[in-house]
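Note that chain A is present in both complexes that follow, paired respectively with chain B and with chain C.
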Partner chain A sequence: MLSPHPRDPARWPRLFTLLLGLLLLAPSFPLTQFNPATLANPDSWHTMAGFVAGFFPPSLQSSFLHDVARETITTLASATAGIALAILLGAPLAFATTRALERQALAAERASASMEGVKSLLRGLMVILRGIPEIVWALLFVRAAGLGSLPAVLAIGLAYGGMLGKVYAEILESQPRELAAALHLQGASRWQCLLYGLWPQALPELLSYSVYRWECAIRASAVMGFVGAGGVGQLLDTSLKMLNGGEVSTLLLVFLLLVNLTEGLSLLSRHALERPRGGVYLLGSGIVAVVASVQWLLPGWRDSGFDLSAIPRFIHDFFLPDGSMLAELAHGTLETLAMSALGTVLAFVAAAMLAMPAAGRFGSLLKLASRLLLNLLRGVPDLLWASIAVLAVGLGPAAGVLALALHTAGVLGRLFAETLENADPAAEQALRLAGAGRVQAFSYGPLPAIFSQWVAYTLYRWENNIRIATVLGIVGAGGLGQQLYLALSLFQQHKAASLIIAMLLLSWLVEQLSRAWRQHMA
Partner chain B sequence: MKTLKLSLATALLALSALASAEEAVLKVSAIPDEAPTELQRKFAPLGQYLEKELGMKVQFVPVTDYAAVVTALNSDKIDLAWLGGFTFVQASLHGKVVPLVQREEDSKFTSKFIVNAAVGAKSLKDLKGKSFAFGSASSTSGHLMPRYFLQKEGIKPETFFKNVAYSGAHDATVAWVASGKVDAGALNASVWDKLVESGKVDGSKVKLLATTPPFYDYNWTVRGNLEKKLQERISAAFLKLDPKKPDQKAILDLQRASRFIPTKADNYKGIESAAETAGLLK
Partner chain C sequence: MSLLFDNTSLELGGNTILRDIRLELASGEQAALIGPSGAGKTSLLLLAATRYRPSSGSLSVLGDNPWHLSARWLRRLRSRIGMVYQSPPLPARQRVIHAVAAGRLGQSGTLAALRRLLWPDDGAAIQDCLQRVDLADKLWQRCDQLSGGQRQRVGIARVLYQQAQLLLADEPVSALDPRLAEDTIRLLLAEASASEASLLVSLHSVELALAYFPRIIGVRDGQIMFDLPREQVHPGVVSALYADERLAESVAQPAHAAISQGLRC
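Let's turn to the complex of A and B:
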């Protein structure tokens, strides 16, 4: 006979995990100076309300609209040219380093030590390329060689090149090996194995990932202006600094339009991939887009006075990194970590609350409203949220927490809603039929199953947020980014070098931890 | 023979095209200490005047970043730049530059400390634990000198204030303080006076708290390897601006100058040592 369980049998371990989490989180509040009371403070609401009231009407001055149109095209063109550069960089790196084409994978042979050494070097290079956030790359190019859209293109090219190199290699590794192995046995070269054994099956996935990256590049390119690298971000930076609400709202609208447009285009091209010859059309239109982009950007590059020859001197100035600022570095790193942790936890709570209506649990009207809200939260990039958040909670890391929370809530909310919709309704229905209340049925029906999925998504986003938290300081929201921006403004290159190394280490550490964690989970 | 003639003609044409592309252009820029539109408005008549005086095309290169102006001047990408005292020191430490002229007002420049009226501060000491905005980190009158004089009063901004921020430009600092985005801030006296005169400061929201002692600030600087003759002619053109002539008075007014006077690098030694004391030079 079954003995009745009047209470949750797992309550003690659950309570313990929760308390441990809260205990770990507690130092984040003083570190980020995040005080939920500030949000309720009438003064900051007053500031915010004054600014938002200035949003209406959006500025429609013809000279301003003309600038907006020009810079929007520049934003699109920089992203497209940047992705082209990233592919040119990432594809050879992936070809050189992928384990899918290694002899020991294709046949049971040992690779030579020197080849392995070269591969490790290339992998290290990719870690550095993607470990420095694209906006930091842009800032470095702007400081080294001059303003304009070229730094934005180079920044996207380098950062995304490192990323594409890694992901392309992984995509090749995930393909079935038999064909390539058979070709290898018959004496085919590395190239031939790739071209005939892996390429045909991997192509749709490679293209689809590249299109996804292009979508990300547009969001990145739109905020490059915050460091002087052209595009709509440049206009937005000026308008935000001068607190010109009308211009800000016009730019925000353009921004959302741009993000939605690219999402639509990206979806369209992924559909095209499923059609016969879709890949060819996609490739063709991609090449046309790249050529048009470079054509559009070229005159600006000629006039900008971008000076490639200044880069070696700039790099030279970085040696040696300043070692005397360990305390400052430690503080910046802790602040960055605390911002990301607190921001992600707040986002989790907000996302869970928004996911319920967004999954249609409270009627279709609430579903539509919450979906719209989630889209808005997600569509505005973190850096932009940060520059608005400094108005609400003042300058400093607290604004970073709020910015991360808002943007991440949008991202997680959508994912959470999807898991809710996909959850098997049987358990919940059974509990309801057995007389359980709505809350009870939900808590013991679908929740345990989806909760681990939610936690996995949240951990993944946290990893992402640590990287983003390092750059939010560029708009005054604390962390390592703020120190870096200041050091580079004052030509304190040694200090800047130490800060970049700290960023790289943090990014590398997070990547390793997350990989170990995922292997552990699998 | 015919082909030879044709190719000669083509070569000549190409050469002349090259020559016209090489037509002398004076590239001028300025540190973006105010909104970009304001900078363009201020420069337009001065640019036309210089074109007439020098007999060459003058092109204004708008730049949105202080440090970028220094880099551009040091790498010969621009010929003439309007620099602040601190950016001039940075440029002279990174390469060879020659200061030509400055406004008469620049030899006794000051900065203003302003505060949001709701804070109710009467002196700098009352700002303890409040948030504070400098202009650009590379600004002399918006950052370096206010920081230096605060330090002399025994105030270390990073520990004394709750938060230290950089608005990026002098007019932005006023907008930030007026809106309450920050409690207090420091800016260039000349921009403050201009905003007050044109009624752009709401006296019920922003109060003047203190003024710094005078120091040397802004000048017009050329890159060191610019032709000596041209350097002299640029100086002469600035020094000739006469407040008694109405059209030239308009140019001077836009620059907020009574007239221009010659300057020399030694005038900025004081700024350099202030920057060292404030820890802003390495």
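Let's turn to the complex of A and C:
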């Protein structure tokens, strides 16, 4: 029963998937006004080279460096105080909403309807808190009550509070439940079940996640200055607007140092957690850091004239949201989606090309060079890339595409290189021994496994990029964020309210879709 | 002459693995390597497969000294050597057709190989090879959906498709159950005779070696203890070969690196 020409049964599904992907991607080009032909045009490369040359040499004026040092400390302090606020907000929310401490989970008891209602309300509150990106929170606080680092602290506190609440609750839910259940049956209260049954086992994971969030908060706090909320971002915004390339490159270097420093600190604290009493030391130094941060920021808050009483009036102005701008909203949402899709696809291509040398496949010199480049791409936050891209290619979504592509290429490139390094060399080695060339052995050996992992990483990162694409417009790089910035600048609060609701819906929808997809895959 | 070791030694990381090996394997000859674990059977096969370069002495494979050849001719030579592994190195997500087609990579150009990855051709010949190992219906399956025995036979189908002139097999049946192990050895012998290829197999089981191979080579401590026709291998010779064998040390597998958290934030 040998058939003479066996046909690949997967050929039509594959072709169909490929065409569908291209079909969905094609409208992204006109929507984002991103023209790949300009990348191939030598003229634009020439302009770009001139643009990059403007960044050298870095400015080293002592008065400027003094400012930089001060604002760097403010950035660190804002992030630390913001995380402290987020923990104060997120921990009680997690305690109240986690399913790990529910009576029906610990014993076969009925849940009370009113308690369940309160929990749903709190969960909804957390969705709103984390659904609005921290930079939008900061923008709102700045517009409502005034400039300075306090909006940055509040923004990080609220957005990360919602996130920590959710993740803390999930960490508690992932712990083995027997001990808490036994305590509950002995008559222990909810608090006692937490402190004696879950706390000891969950603490390392809770601390480690908090430290990781702190690392993220520093990146976030560094760009808060773009909306007037203090820190190095504010200096950078000024230097960019004055087209002072030397100052910009100094600040970029400071950014990179800051990011690497926090990564080092975060790694150090995770190692500390593995030692006996490490948690205690970490907690202690955390409290000291928070107190010092508030001490540093406090004088600025007193002087800034931050007007809390203005906030209720500001909120009042937002009602009711403008319902007559559905077409505008749809366009903004489509533009945001197109930016994220195109940016992610470009990043995938760039990351795949950089990952090969970064995994050491073309010698150690190229490995070092590509690792440095990847660190630069990854270390500079997307919002900062966006503000540079706006200068380079002008206002609009094309700058957003470029910014997402650059930052994501750095993130994915490092992960891709890790995948390459961890791949089992046996298959490739065996093919080389059967006379295959390097490219052949790679594509018939580790490629299938590596490629599927790369695609998984990319889809995961795309989800993240949709959220980021909604805010890049704050520095002029298109999408919903640009419409929001415009509406707030023109005091069209009703319009702004509709835009924020659209952002929330988009972020919620993406979260749900990604969760459903992950469950489907698992 | 398929294989000629002349006073060949191998050192790896300062340790002497093989010492003064003298061995000849004529074209079409079939021989089994036996000996305690750690004796150097695998290293001897990998020397023949041109994986390692001898530290001293000379080596000739299919009439050529591989280490005197240019890179291009070394590739050609390698494409004529087929190797069957204890656990076949098949990528998990690869489909069987590609896993078998990979056998002829040494004989095809890079672009053609890449094209075949997207649009496989020569399906009939590949299916024919799979038919010989009783796996004709698995052509489009993914390798990770096969059992251990089936994966081993895919590994053999790859060597069949490669049309190698020298077949090397490193404990090809130690992961299989006894009945399957005998079938697999029989298959290897039959296919080697049919294509007039020489066959050198290392085996854990002395019984299998004595039952099927006309020539038995005993290896111990990196040296050849005996090289005899089957009829002259007495029980005394075998027990001397395995005298006070140490228990094989298990090698700790490195834990898979955790995926970094760098995706979000």
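Everything below uses one rule, namely that the second predicted complex is superposed on the first by the 494 of 522 C-alpha atoms of A that agree within 3 Å, B and C clash if a C-alpha of one lies under 4 Å from a C-alpha of the other, contacts with A are read in each partner's own complex, and residues count from 1 in each chain.
Heads up, the rule we're going with is that a contact is a pair of C-beta atoms (placed from the backbone, for glycine too) under 8 Å apart; a residue touches a chain by one contact, two chains touch by 3 or more.
Everything numeric in this text was worked out from a predicted model, so none of it was measured.
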item	value
First (chain B), second (chain C), both or neither touched by A:142	first
Contacts of A:234 with chain B and chain C, given as first, second, both or neither	first
Which superposed partner A:434 touches (first chain B, second chain C, both, neither)	second
Touching partner for A:264 - first (chain B), second (chain C), both, neither	neither
Partner chain(s) touched by A:36 [first = chain B, second = chain C, both, neither]	neither
Partner chain(s) touched by A:446 [first = chain B, second = chain C, both, neither]	second
More chain A residues in contact - chain B or chain C	C
Complex interface listing, chain B residues touching chain A	27, 35-36, 61, 63-68, 70-72, 75, 77-78, 90, 94, 118, 131, 133, 136-138, 163, 165-169, 171-172, 175-176, 179-182, 280-282
Of chain C, residues touching chain A in the complex	49-51, 75-83, 85, 89-94, 97-98, 101-103, 105-108, 110, 113-114, 117, 119-120, 123-124, 127-128, 131, 136, 139-140, 162, 256-257, 259-265
Interface residues, chain A side, partner chain B - complex	43, 46-47, 50-51, 142-147, 228, 234, 237-238, 241-243, 305, 307, 309-310, 390-391, 394-396, 476, 486, 488-492, 494
Interfacial residue positions of chain A with respect to chain C in the complex	1-11, 212-213, 215-216, 219, 378, 411, 414-415, 418, 422, 424, 426-427, 429-437, 439-441, 443-449, 452, 457, 460-461, 464
